[in-house]
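The chains carry the letters A, B, C, D and E, assigned in the order they are written, with residues numbered from 1 in each.
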Amino acid sequence: MEGSDDPFIDLRERLRRGKGRLRTMGSDYLTYAHLDTIVDQYFPLLEQLGEDIEQLEEQLITYADQEVLRTLHVFKREMILLRKAIWPLREVLGHVERGESTLIHSSTHIYLRDVYDHTIQLIETTETYRDMLAGMMDIYLTSLSNKLNETMKVLTVIATIFIPLTFIVGVYGMNFTVMPELEWPWGYPLVMGVMLMLAIGMLWAFRKKHWI
Amino acid sequence: MEGSDDPFIDLRERLRRGKGRLRTMGSDYLTYAHLDTIVDQYFPLLEQLGEDIEQLEEQLITYADQEVLRTLHVFKREMILLRKAIWPLREVLGHVERGESTLIHSSTHIYLRDVYDHTIQLIETTETYRDMLAGMMDIYLTSLSNKLNETMKVLTVIATIFIPLTFIVGVYGMNFTVMPELEWPWGYPLVMGVMLMLAIGMLWAFRKKHWI
Amino acid sequence: MEGSDDPFIDLRERLRRGKGRLRTMGSDYLTYAHLDTIVDQYFPLLEQLGEDIEQLEEQLITYADQEVLRTLHVFKREMILLRKAIWPLREVLGHVERGESTLIHSSTHIYLRDVYDHTIQLIETTETYRDMLAGMMDIYLTSLSNKLNETMKVLTVIATIFIPLTFIVGVYGMNFTVMPELEWPWGYPLVMGVMLMLAIGMLWAFRKKHWI
Amino acid sequence: MEGSDDPFIDLRERLRRGKGRLRTMGSDYLTYAHLDTIVDQYFPLLEQLGEDIEQLEEQLITYADQEVLRTLHVFKREMILLRKAIWPLREVLGHVERGESTLIHSSTHIYLRDVYDHTIQLIETTETYRDMLAGMMDIYLTSLSNKLNETMKVLTVIATIFIPLTFIVGVYGMNFTVMPELEWPWGYPLVMGVMLMLAIGMLWAFRKKHWI
Amino acid sequence: MEGSDDPFIDLRERLRRGKGRLRTMGSDYLTYAHLDTIVDQYFPLLEQLGEDIEQLEEQLITYADQEVLRTLHVFKREMILLRKAIWPLREVLGHVERGESTLIHSSTHIYLRDVYDHTIQLIETTETYRDMLAGMMDIYLTSLSNKLNETMKVLTVIATIFIPLTFIVGVYGMNFTVMPELEWPWGYPLVMGVMLMLAIGMLWAFRKKHWI
């Protein structure tokens, strides 16, 4: 029970040494000490999460793949569960702080007010992280939309240039016995020239539309 | 009326045995007992839902089809109806707890406070589940967008490589009488080589864009 | 004024008969009676809307066209207007209920509390309906995305299989004088076989991607 | 300063005539009169906006282009700024109404309560308009998605029917010396017949999918 | 410590000169002076941000590229962090203002009330900016959707017109020995005429659909 994972090890140590307020003040102060220990556990956790989120955000801007999305979702889920864990603390401490309990000495009140403020701070921080994660989700989705737009532009440019040209060469691939153009000595270079001009014209139109 | 589905069966049993607080305390305690029984019914229900949601989430990550989406929607709907059922309980118990009724003895107050806290807990849990379901919906929609992007990339890669090549082979399928390239002994392998280089060049360009 | 559409017809009738609390209690009770009549008008309306929404939801799951979307929007708009109509009632009754007016006898308070609770119930119901409509909108949009994905898959499968094949047949449609494959007696069936294998290979690849 | 744009012109006129409550009551009533004048300015503004929004909504349903979207955005922005302008009024009047100031006579309270109620009403109306505008934005986006789906269906139907047919005619455009089908007297009508049946089959499949 | 970046330089100066309320009033007034200095720092910051946002909005309407999106995201993030910084101020000042502390003289209360109002104003302003940024994000996303629709229309129009025509020229490129049309003297112009009419018909259909 007294391994390094025990959050109350420090509290017990202070009680054993028999000094400080823990021994001179009543059971309400002991309650405060426990609550304070519990609430203080969340701060390094949230700090770590905050750093992870910032790191993910940088990753998102550099190169966003589905791995980033999965991590994003894991963070969102953790935030939901964290909030669920912290919220009841606020409820309880809020009641105590409003002086609704006769079990708390007025001298302990100021300490409990402090824990209450810490809890509020924790909740504010999770809300901030949630907002940041929501913003990152938006970036991811927008980058998806942008990529789709890019892909479709490439397809459209290629298709729009080559589909009409392929039609033209198809025309002169027809086997009609009477097709005078085919006999013209300059027919082939003429058709090639017309197609080149068409291609250039379409490229110019796409450039004007800011597509390429 | 006393089948196994009757939630008040236990309450009646305790009344019949004639022991405990139910017989010694007033009608306000009886009211509390009923409210407590009603509120406690929701906990196993919510627990079951929570497990179902976690299971669905795993399914969503592994393989998301429209069946998962439909289940997701059913859960969302149930959550809306659950919330609608629990909310008025909170209102009523909140009024009672704030001491607005003279029908409640002060000794019963602490019990009602307990039921009130349970109701708050129920509402918090449904809110958490709603958040989780909303997050899952987001994952589903993002996976749809990702799939569309994938599909479009495949189409664009195939079309961008083969549409220009098809144009080139179309050119040499034209029936002009004067087309010197057609007479060249190395014309055919030359054109094939040029097309191969074009294809490799485009594949390389797509690789650079991280499309393939 | 006393047609069947007059909501206060019943109230007037009770006043005329000269019996009941309406005549023995003061003007504050009369006010209550009016407020109660007004609030009670909303219940059948909301019930009708609730049934319509459930019906629309079933329609949405069976076959969602733009007609359903339009109806959805009409319901959303009605909900906004209903909420706008009910909200001020809550404000007014909330003030009265908190005992801020000296014009209300304490004996009438319990009645007004009842109307207040009904108003809260109305607001809760509109909120629930709004949530349901928002969920239905989500289903509609997701089904649109799903349909687009389906359409694009069909296009991509067809194009990816036939565009490369069309290129191949184009190659052997070229008119180069020196194209040894064209002279091979088994050239034609060979090319057809290669193309068949290519098509089968691609179909297999699409099957593996769960596209068909 | 006393042009027709001056909102306080009526107030000054009443002061000058030296009659009415403005002269007999104290400076708190004068404050009320000013506040009332300010708040009342917003009502015709909001009414005008409401009519404009309803008109835009009709336009949106008839024919939604980017002009409508721009107007929608302008309205949304105005709503945000209106809300920012009205909100502090509510704060101030809320304080005064809760009797926190000793500068207000109790006889003036009922008037200030009236202005407060008007402010609440203004805020409710802007909220309603915001909801309506959000709903209109949703319609616009859904109509965009619907249009994209329509466009893609047209493309897919055309491409799915003609790309395989083009492949088939390509096959019989190949120049292999040994292609027995080419010599068949009924080869040409046969191929045309097969292609016709293929096209009809695909049209039937699309009809079954409700695409055409 | 007394460089131009020190926000308290003015406060210290006033203390040194030994005049004004700072010397005659107690430590609670000094606290107020510090809080006021801190809160006032935010106003020029927010004003600058407001101007930057308005400028970005104009940019967004003129020409929206990914650079604008990135700036938008930076602003959203700054708003989240600003809100996180200002929120606790409100909490603290709210407590003080509600008279919960005995350390504040009643004469200082009115000053603290002023700082509190400023804090509320700051929060309102950040909320307004957040709404504006969310609206701008919506515009960006809608413009993306519009662009995709435009792109797809271009692709569909081109493909729908030329894919059937390419099929037709492919038909007459087939090498069947018996193809009577090929021998007709007017076969070539006839086919070209039919294709022209088909193209015009499709262009007319697209015009009717408001696609071009």
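Convention: contacts are C-beta pairs under 8 Å (C-beta built on N, C-alpha and C of every residue); 3 or more make two chains touch, one makes a residue touch a chain.
Small disclaimer: the values here were computed from a predicted structure and weren't measured.
Contact with subunit A and subunit E alike is made by no chain in this entry.
Annotation of subunit B and subunit C: not jointly contacted by any chain, touch as defined at the top. Relative orientation of subunit D and subunit E, expressed as the C-alpha superposition rotation angle, is 70° to the nearest 5. The two sequence copies subunit A and subunit B touch through a face in which the numbers common to both fall below half of the numbers used overall.
Once the centre of each chain is set as its mean CA position, subunit B and subunit D turn out to be 28 Å apart. Each chain gets a centre from the mean of its Cα atoms; for subunit C and subunit D, those two points are 17 Å apart. Shared interface positions of subunit C, defined as residues touching 2 or more other chains, are 145, 148, 152, 155, 159, 163, 166, 170, 173-175, 179.
In terms of which chains touch, the assembly is arranged as a closed ring, every chain touching its two neighbours and no others.
Partner subunit A is touched in their complex by these residues of subunit E: 66, 69-70, 73, 76-77, 80-81, 83-84, 87-88, 91, 137, 140-141, 144-145, 147-148, 151-152, 154-155, 158-159, 162-163, 165-166, 169-170, 172-175, 179, 181-188, 191-192.
By the touch criterion stated above, subunit C contacts subunit B in their complex at residues 61, 117, 120-121, 124-125, 128, 131-132, 135, 138-139, 142, 145-146, 148-149, 152-153, 155-156, 159-160, 163-164, 166-167, 170-171, 173-179, 211.
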